Amino acid sequence: MNLLLRSIRSLIKNRFAASAVIVLAIVFLVGVFAPLLATYSPADTAPKDRLLAPGSLHYFGTDELGRDIFSRILYGTRVSVGIALVAILLSALVGTFIGSFSGFIGRWIDQVIMRITDVLLAFPTLVLALALSAALGASIVNAALAIAVVKLPIYMRLARTQALSISQSLYVKSAKTFGVSSGWVVRKHVVPNLLTPIVVQITLDIGDAILLIATLGFLGLGAQPPTAEWGAMISTGWNYLIDQWWYPTFTGAAIFITVMAFNIVGDGVRDLLDPKSGE
Amino acid sequence: MLRLVRQRLAMLVLVLFGVSFITFLMSHVLPGDPAAALAGPHPSKEVLQAIRDQFGLDKPLPVQYLNYLNDLIHGNLGTSIRSQEPVLTELMRYFPTTLELITFAFIFAILLGIPLGVISAVKKNSFTDYVVRLFAVGGVSIPLFWGGLVMILVFYAKLGWFPASGRLDIELTTPETVTGFYTVDTLISGDTEAFFNSVKHLVMPAVALGYVQLAFIVRQVRSSMLDALSQDYYLTGRANGLSKRFLIIRYGLRNALIPSITIIGLSFGSLLGGAVVTETIFDWPGMGKYVTESILGRDFPAIMGFTVIIALAYVIINLLVDLLVYSLDPQTRK
Amino acid sequence: MSSLIVDIQDLSLSFQTDGSEVSILKNVKLQIATGEIVGLVGESGSGKSVTALAISKLLPEEITRFTGGSINFDGTDILKSDEASVAELRGKRIGFVFQEPMTALNPTMTIGNQLFHVIRRHSTLSKDEARARVRKSLEEVLIFKPEIVENQYPFQLSGGMRQRVVIAMAMSANPALLIADEPTTALDVTVQAEILSLIERLAKDHGTAVLLISHDLGVIAKTCSRVTVLYAGEVVESGNVADVLKNPRHPYTQALIRSLPDIAARDRSLETITGEFPDLRNRPDGCIYAPRCPKKFEKCSQSPLLLGINQLHAVACWAEHSVGGGA
Amino acid sequence: MKSRLRARVSLLSVMALVASLFIAATAPANAAVSRTSLIVAMSADLDYLDPAATMDNAQWKITYPCYQRLVEYNGADTDVVPGLASSWKISDNNLVYTFTLNTGNKFSDGTEVNAKAVKYTFDRLLKIAKGPADNFGDLKEVTVLNPTTVSFTLKRTSPQFLYTLAGNYGGIVNPKVANKAVNGDMGQSYLANRTAGSGAFVLTEWKKGQFIKLRQNRHYAGKKPAFTSVIFKIVGDASSQRLQLAKGEIDIAEGIPTDQLANVGKTKGIVVVNQPSLTVDYLYINNSKGNPALSKKAVRQAINYALDYKGIIDVTQAGFATQMRGPIPVGMWGHDRNLFQYTTDYAKAKSLLSSAGVSNLSIDLLYSARKPWWASEALLIQDNLAKAGIKVNLKLTDYATSRQMIDKGDFDLSLGVWSPDYADPFMFMNFWFDSGSFGLAGNRSFYSNPAVDKLIREAANITDQKKRTELYVAAQKIVVDEAAYGYMYQKNYLLPMRSNIKGFVFNPMLEQMYNLETMYKTSKA
């Protein structure tokens, strides 16, 4: 547990990361307490007061159906950030399992799995995500699945290289000489050592995943109306850029700030846990 | 050296086979029948059937895949369902367009990224370091479709500095294709006005796309520079009184480039599939737009052709990166 | 005493990393005369390398705090001079040889090229003259067929060969002082002797003073005329090698010598020093060795002064001075 | 300090180089488009242009001005007048149409347009058997009587045959295309991105993904058009189109969303063409293959009462549309001015539902992103029906999937758009309601009513317009009462263009097409 304590303390000290941590805290709070904070329900349409400018009634104005943009951005946090987290954690879990399994067992299984990761990596990420969500049908769940699959090879390769180096290392070999079961070795040695690089990779990937979900939404393959998702909101909103500049701008800012905060914290965590490239 | 090339070619065959198999599966699992999408507003049953026969859509999947494979071997990528044009001709048209965009984006990213990475490493934790890192993180975090849009608003609508769509002004004659790069073809044909115009059209999309890559490069160069500066040989150089500038470039950067080249190569490779978002916003007729429309229009031959070319280009880029590293890093020349 | 090339008086410095300050050196005294070979000995972490790096200000600026004393090199007050003027000295007047030859050379430049640039930096030789000078300096460090070695890369040479190249670089501008920080520790024993004799010969031929740093008393005994013993950043004893080694007066030096494996006395078991290394984050006052010293008594609570027992031998230990009533 | 200074100088020089490259390239934005060329911005590239294959209005805006037809529409009027044919006779059994051709009309490569070319065109069309072949289902054969006379023999009477010849698939193709055939495709790949007609323009260049360029056809027999070149430029982004129109870089913008056109109209130098079209936006209600409740007439009526017609028109078309009164739109003969029209009445809808013994009905609404306004329309309908106690869950799929689902009847409700190929109520009544053409063929609601079948099939077999009108009016009464579809609105045709573009005439039969040969520019922008 001191790992966590140490990281929090050091993050706070570095002003750069500190502000990002605060932003993230706000984002999470907004996500959780969206219903309380929101001034309107994100779904109810009011055709007569559509495309209103930001004002006292609607802080960020209204969209083409008269829905309150401020509330939709709040609720959008749950979809965009929540789904990104789920997708990445899923990808990390599955990827680590397969990767460490193949790295630890080795021989031909490892070769086959590694070739598959090569093939998956040969695909440009967005195209793969695009094809998958088109194949599975456009919905937020499928978008999350698509992203999980797209990010899988990264974790598989990460876990495999770690598992390989750990399983070759002395203390694991010596443990084996004592006739210790490989399951125990994996649990006691392989997994804990995997934790650090995986955690670093996860913090870096979340920002990217939010962008991917928003881009899929933008291309019409992510979240479907009427769900409030940032990418989809911009996708409709940007047609109104000229007359109602606020509609796409506030949503864009929400994505930008959240992803930036994740990346800064990601950098901070990586510099902290991965001494070589750190301070 | 030769061992490296042989190994890469073996991988190429495997990746090609894997990629074509996965795409074939995926594209045929896509719901929706291309014939229905294509046969006009109110087609009769016979017309639908005629289209399906023409594209062999009714044959069992394994048969379709085998036909596809032997076509592939003979270099025939089939005809696109949407545009009735051979897929190969379309790819030969769209691939250089995307390549031109990515190349300019990377020129911008490298020209700016490497110096910034070096400065922020040399001046670690100074004010400049924080500003550069903030600028870099911004690049990785900005949603491209939003950033590009704001750029159009400011630099096209308000200031009118740069055009916002297409590769060349309509009035100018498009250069006849030699390399497929408008900037190069116009120079070959000596049409300077068209050359400057094509550069002007490249500015905004290249900067929008380049800014994201710039962020990767700055972060990578900074971390490998920090690594190089902390090495013993750097201290030896300092102890021997070599000038700071010489040390930074020949001792620091020279060694930091090797890991950075691989990362830059990989991100160049990942863009071969076309920068879908940038191309959509700036009407850049590249691979990104082509594949998006093909996927949405269930154009199987086009999707398959696209993926094969991309896999091919991806492996070639990896080979080039390895060769570059081979020339830069003496240790690989055992 | 011929003129002093290095005169360090009561040097104290500490490293400050966000919040915590660690005191590395306290009142270090060290003199090196022109052409003299002086040894600096101590366990790892005793501050010997820091002292060496301090002489040409090679310590990391952002965390180093000089808290006292002065360093005078050949008439220049190092601590008071700005970075540019100290930089002029490096390589030209002060040569450095480091402990780890495997990583001491730039892996992406040929041996000849690295030497070439150092030579060009400190001389007005033309390109061709400098290239010739490269071959000569390689020969000087007994590298045979220099015409082949100059086109090779560091990874193609053995550890010993690489250390010779580092020495060639350090000596290329005929410096007044050569600092050798554990030059042979990373090398196997047979090569160690060659490197040490090479350093001795070059120093003698060029009249270069040498500061030889090592944790191995055997190496010091063979090569140095005088020696200074450091413990936890403080000088506990210094003087003529013969005196200090044969008749060590400070309990720490005595323990160091007793822990030396002596092939002749096979039956004697090796002695270790009890207790652990002091915490330098808050340096205890009084004698730093007191907690581990068998002769500890109440006076030791005050910081001992480094007082000379005779012209050639000084020790910082009350037990030694109280008997003679202090010098 | 010297070395650091030099480092900074070299860095600055690199930055200066990059900056100068950009600044040097910023010659001032070019002046407005010249007067002898017209630039139209469209939102997406086109697929293929062979008149015997293409079935999409977007494609026809290129082919229509490049080909000529035996008979043409006359300006804004939906009746036909002589085109390539100077006159024609119809046999008394209405099965043989004989046309005498004008002389002097030449294809773009100079070959004479004669009867042989007409026969070649239609034989080719029937053999290719794609979309257009459907519209000539009744055509048996074409015979050349002499170089300037050709006759068409039909399998059965078809009152709308003459109008079909005025459609895009009536374009007469140059027979020389035959020797451009590639492995027996009768020149389809050649004509996919070229034109071989006798119209005022010819396609000279198609840069895929960028633009299509038309130039004057040197051999065109008619009056020389004002424009020497017409360019259809691809600008995907609606905001970009609007900016380019405002700056004068383009003359006409097709892709600006309807609800922005009010503001666009206010911009200096821009005018918005706004006329009623025959394109309708309506709701398929699956009478037989969807949710069983929808087979009950009362439920379908309840849906029609629950639609907020005014709200939908205001939000999706910014008011530029009129509510439908029955399937046949205003402006087409057969429209019945005093036919019953549903009004928004949630109470009535609720009572109809309870009378049908249906409570908390949950149905899905299928739509695609094919039309930009459908997303908000679907949301509004969901909201409207909810007020009548019907839960609607939205199912957005891509266009290809939606087509397949509609063909199979795999939906409850679905959004649809329909525009007639020729000015005959047959295009609505016989397609929408004939129980023989379920699915994509036309009957999207899978509605079948023998009485209605009898009425519309009889109307299709006679040529007496007055009798046909009575039959169609009777059929409309039934289908409106049975609420086979949700009759929503008839769109206006809206087109923002520079104010110096003159001579544009909108013909409801030729939506998205331009009468390029008679359009011109005045000097003031």
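Letters A, B, C and D name the chains as they come in the text, with residue numbers starting at 1 for each one.
Just so it is clear, contacts are C-beta pairs under 8 Å (C-beta built on N, C-alpha and C of every residue); 3 or more make two chains touch, one makes a residue touch a chain.
The shown structure was predicted, so the numbers you read here are calculated from the model rather than taken from an experiment.
Visitor: When chain B is withheld from the analysis and all other chains remain in place, what is the resulting partition into connected groups?
Guide: Once chain B is set aside, the chains that still touch form these groups: A, D | C.
Visitor: Pick out whichever of the two, A-B or B-C, is joined by more C-beta pairs in contact.
Guide: When the contacts at B-C and A-B are counted, A-B has more.
Visitor: Take the average of all CA coordinates in chain B, do the same for chain C, and state the distance between these two points in whole angstrom.
Guide: It comes to 54 Å between the two C-alpha centres.
Visitor: Calculate how many whole Å lie between the centre of chain C and the centre of chain D, each centre taken as the average of the chain's C-alpha atoms.
Guide: Chain C and chain D have C-alpha centres separated by 89 Å.
Visitor: Averaging over Cα atoms per chain, report the distance between chain A and chain C in Å.
Guide: 52
Visitor: Centre to centre, by mean C-alpha position, how many angstrom separate chain A and chain B?
Guide: 23
Visitor: Identify all positions of chain B at which a residue touches two or more other chains, and write them in rising order.
Guide: In chain B, the residues touching two or more other chains are 31, 125, 149, 153, 157, 243, 246, 280, 296.
Visitor: Where in chain A do residues touch two or more other chains at once?
Guide: Chain A, residues with two or more chain partners: 134, 137, 238, 241-242.
Visitor: What part of chain D is in contact with chain B in the complex they form?
Guide: Those residues of chain D that touch chain B are 3-4, 6-7, 11, 14-15, 17-18, 21-22, 24-30, 33-34, 39, 44-45, 47-48, 53-56, 129-131, 133-134, 137, 188-189, 192-193, 205, 207-211, 231, 233-237, 239-240, 243-244, 247, 397-404, 407, 418, 431, 437, 440-442.
Visitor: Contact residues on chain B for chain D in the complex?
Guide: Within the complex, chain B contacts chain D at residues 31-34, 36-48, 50-51, 79, 82-85, 90, 93-94, 97, 108, 111-112, 115, 119, 149, 152-153, 156-157, 160-171, 174, 196-197, 199-200, 203, 243-246, 248, 280-281, 283, 285-286, 289-290, 293, 296-298.
Visitor: What part of chain A is in contact with chain B in the complex they form?
Guide: 16, 115-116, 118-119, 122-127, 130-132, 134-135, 137, 207-208, 211, 214-215, 218-219, 231, 234, 238, 241-242, 245, 248-249, 252, 255-256, 259-260, 262-264, 267, 276-277, 279
Visitor: Quick check: in the complex, which residue numbers of chain A touch chain D?
Guide: Contacts found on chain A: 44-45, 47, 50-51, 64-65, 134, 137-138, 220, 224-226, 236, 238-243.
Visitor: Over in the complex, which chain B residues touch chain C? Could you list them?
Guide: Per the stated touch rule, the residues are 125, 231-233, 235-243, 246, 250-251, 254-255, 258, 328-331.
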